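Below you'll find the structures, each written out as structure tokens.
Same chain, two partners: chain A is paired with chain B first, then with chain C.
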Partner chain A sequence: LSRIGDELYLEPTESGLSLRAVNSSRSGFASFLFAPLFFQLYEPGSAGPETELFRCKVHMKSFLGIFRSLPSLEKSVGKCLILLKPRASRLVLQLHCKHGVTKTHNLAFQECERLQAVFDTRSCASHLCAPARVLAEAVVHFPLTLAEVTLRTGPGGKISLRNYVEDEAEPSKMMVTELWLAEDEFQSVAVVPGSHITFCLKEFRGLLSFAEASNLPLTIHFDEPGRPVIFTLDDTVLEVHLVLATLSDLQSDSQSPSTNGVSHLPAPSDDFADDLESYMVAMETGEGGSERPPSPTFPLRTPRPAESEPEEEEEEGAVPGTPPHKKFRSLFFGSVMTPGRPGLATTQEVLAEDSEGE
Partner chain B sequence: MRFRAKIVDLACLNHFSRIINTIAKLAKTCILRLTVCKLYFILSDKVANGGASMWCELSQGNFFDEFQMEGVAAEHNEIYLELMPENLSRALKTSQSAKAVKIKLTNKHCPCLRVAVELPSLSSSSRIVTHDIPVGVIPRRMWNDFREPSVPDFDVSIYLPVLKTMKSVVERMKNLSNFIVIEANLNGEMNLKIETDLVSVTTHFKDLGNPPWASEDGCQSSAQGRDLESMAEACIDIKKLQQLLAGQQVNPTKALCNIVRKRIVHFILLQEEVSLQYFIPAIA
Partner chain C sequence: MPFSAQPPASGERYALSASLDNARHLSSLLRAVHFQDYATCLATASGLRVTVEDAKCIQANAFIQAEIFQEFSVQEESVMFRISLSVLLDCLTIFGTSSLPGTSTALRMCYQGYGYPLMLFLEEGGVVTVCKINTQEPDELLDFDFCSTKVVNKIILQSEGLREAFAELDMTSEVLQITMSPDKPYFRLSTFGNAGSAHLDYPRDSDLMEAFHCNQTQTNRYKISLLKPSTKALALSCKVSIRTDAQGFLSLQYMIRNEDGQICFVEYYCCPDENITEAEL
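Showing the complex of A and B:
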């Protein structure tokens, strides 16, 4: 998840604990759902008729820092307790180690809206399933710095991976590497012949290492260029999804009109339309309105114009680094929410008036 | 103009890859010259290369199981290509367990050296990875620019110390200075020196031995009143020396250098199947 984004979203649900991340350009989203059976004890908390289950996000680095050295953790840690304390604004991670040592980490979190990319693997025309090892052996031929790779279905049922060379670069100077995999290297192949998609290799590599380490087969669901590609891993207690935007074909102008502006992958390309955008139910949209409970905790957001520019994490307004939660709150008491945002203003309680006035 | 070659033996492939890795460290772009019997990697001493030049010669029979070449014309049965050795190095890097590696000159959208690696797989058919390396074809009229450099009229010729030792010394010196003085005499002694405002460091090597070069009149060059102890020195760019030493992944059978006082240092690294010459000009 840290290969995707800088913030880790934790969302306890009835069906398990979901950990998610999104990248800054909103072109990549990943979620790991751990079923209750994965844990020795799982209490998602109680959701009342008006309150949802608590969710939050923390800095990825802070979270990862606790699990820094896996080998030594495996040797010394007996149990790990994860506890959300909304009132104390802390996510508590407690490692119960040998010799009676307990390490308790209190992480500051920020509340957030539900981070959910809208996607449906069933609506994809093509599906491929392969052991992670096969795919890992395939990507090893591409340099680590390569940004994008094209997956193609070719003649004879073969599947190819090729490095994507941007059109701006001189084609006569770039080395092109292509790898062909036979159909029988895959566990299942159900693809539209002649189809192809181009996606970010770097973000995919992250999932691939995980899949390899867990020895799980990886399924790739894809459709036309421009529509997101979905990678899934399935296990009895774990469900993983990685959704990546794909490059749309030059000729295609039919971008989804509901696309919230244009985001781009780190390697910018003018014709790159981040169609993932239109599938993302961002924090600020959709879930607003009267369903939102008036909560004593102030949701953290920067006012945004209704017609958006490239999606930015609302936390852009947040003080970067490790601001004390309280300090951040004080910036937003009485803050002006955009009038274009129906429902929110009415449900906000102003807990403290801005002393300077408007 | 055609070229196809194939390597099947893993040891040959490994050796060939290591040579390419060495070349890639020395030159960003170089010339690959193909003849019926040999391959040459050539870097000419243009200003763009910092004045350094390289000549590397391999016998194709030692590496390739198949080697077919047709040059530009019958009386000029050679091919000169310009390429980036780094690309070739990358293509071969992940082919170390290959069943076969084929190299072919193609011209689809532009001239390319296509490296096709056949890899083992659990399925019924092998995995094929192709790397299309863009190359530039050098026209015949420019071939004269890439002739084998002659051995300079050197003042001292001496065998190099164990390359690994020399490499670690030079690497440390590189942190302190951009230039290094290499000096040697006909008594088997060599010094590597750096000097800055703050510090000067000298490493002394002795008992290195001096290679016997037969001179034109048949006498050993060490005779005729040459002062055995007198040092010939040249100040060169330390980075170039470090690159040369860093690229050596296997100890050559023979490693020596010829120093022309204040002009140029000519390094010769010889192995059974390959010879590498590298010229580093002296800084004025």
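Showing the complex of A and C:
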């Protein structure tokens, strides 16, 4: 999560503890949901009819500092207790170590709005599933500094990975690396032939290391260029999602999302990045209205064209300001039109917002 | 030869003369107190004491008893001089700092008296180095007046339990707060840094606790920057005794076993930063 953002969002839910992060340009979002079974004890607290379960965010570095040395932690720490104390404004992490020693860390936290990217793997046309090792071995061929990589479905069911080269770059001065993987390297392949997406490799590497370390297969859900790519890891006690914006093709720039009830996006201003911070969007993930659970399971299915469903949650907005020279569709957080709440104005700019200062 | 490379015969009258087969017995201990450039050396019949001070708040002493040396003689009652500890350490480790088994640097140290330089003769593998380090007028040293009768709280811990804690102290905190009490939390180290506060609790029945004699609940704060250098002494030691007196002065005494199994001591004394009775959460 630290590869994505500088702040760690902690959200206890009935279905487990969710840890999330988002990057500064809102083009990358990751969430780790630990089911109650993962813990020896899990008490999310009680949510009243008017109050929600408490959530907060802390500085990533402060949190990581507590778990500084993994090898020594494994040797010396017996158990870890995490307590959220809203009234004391403290997140308490208590490590019970050997020799009876107790380490208690009281971290200051900030209250925040719910951080939730709006995405739905079922609306993706293509799905790939591979052991993490296969993808890690593929990705190792690309330099660590490489920003973006293009995944392409080619003829004969082959999948290729290629480093993304800017159009402006001199072709003769660039080194291009392309790697092809056969269909049988994957556990399952259900893709639209000839499709391709370009996404940020750096942010993906973080998830890949985790997947490799935990020996979990990685599933990639993608659609057209410009639509987010969703990476998922599934385990009995853990659900991981990484949602990354993808580069849109120049031709499809004029495409406007055909989502119902969402008005046309206004032209973004130059200080768009600042405006983003002033938007406060109360996020729902459609729990109220849609039948989809917040973390959907990912059944494999044959490719089908993307449907415009009544509660299509995805929106896109061009953000020319961040990052400046990229054509990323970076905003895929949307507010959801839930039935019974006609008054909720659809915001044109789509972001999950924290409530700093609001 | 204009300058004799031969060490002087032990019959000559030197204010201080000493021989040590393994210079590391001295250099490793001096490193444990090396947080300032200059140190004051005091040689008496019982041995050598090297003192380093800072900010008039902290004093560290390294004791190397006469028995550690193969030869140790002090002509007057005591000999005292100020010397650059950095230079002294550089000279003692002139043949390198890596400790290969079987190799060691032999040392002969001579000091003629007031105004004379400290002479070091170092030999390893047949190669001899002669060093002459200027000495200075010794400064007056702080007297913490810390004696066992004034001790309010005392604990002795196995160093391994504290090593990691000290190495990982939150240095964004200005102070290290030490709480010692006959009741919970018994022995607690606290920091208050940018991320928040952190507390490290050692229960009195921990198997790291060798002795626990706390009579009164005391909470004192010390400047963390002054105490951080003691981590070096902690790393070398096998046991540490932590004592406080009624004014909140802190004494840390480290028991260090050298390569030959001989015991030496390093101690740190520190003044409290402010005297408070309530600890911050």
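Methods note: the second predicted complex is superposed on the first by the 254 of 358 C-alpha atoms of A that agree within 3 Å, B and C clash if a C-alpha of one lies under 4 Å from a C-alpha of the other, contacts with A are read in each partner's own complex, and residues count from 1 in each chain.
One rule holds for everything that comes next: a residue touches a chain if its C-beta (ideal position, glycine included) is under 8 Å from a C-beta of that chain, and two chains touch if they have at least 3 such contacts.
What you see is a predicted model, and the numbers here were worked out from it, not measured in a lab.
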| item | value |
| --- | --- |
| Fit or clash between chain C and chain B when superposed on chain A | fit |
| Which superposed partner A:68 touches (first chain B, second chain C, both, neither) | second |
| Contacts of A:99 with chain B and chain C, given as first, second, both or neither | second |
| First (chain B), second (chain C), both or neither touched by A:177 | first |
| Partner chain in contact with A:45 - chain B first, chain C second, else both or neither | neither |
| Contacts of A:185 with chain B and chain C, given as first, second, both or neither | first |
| First (chain B), second (chain C), both or neither touched by A:140 | first |
| Minimum C-alpha spacing, chains overlaid - chain B and chain C, in Å | 15 |
| Intersection of the chain A residues that touch chain B with those that touch chain C | none |
| Complex interface listing, chain A residues touching chain C | 59, 61-62, 65, 68-69, 72, 76, 88, 90, 99-108 |
| Chain A residues within the chain B interface of the complex | 137-138, 140-141, 143, 171-182, 184-185 |
| In the complex with chain A, residue positions of chain B that touch it | 87, 90-91, 94, 109-110, 121-125, 127-134 |
| Chain A-touching residues of chain C, taken from the complex the two chains share | 161, 164-165, 168, 170, 194-203, 205-208, 281 |
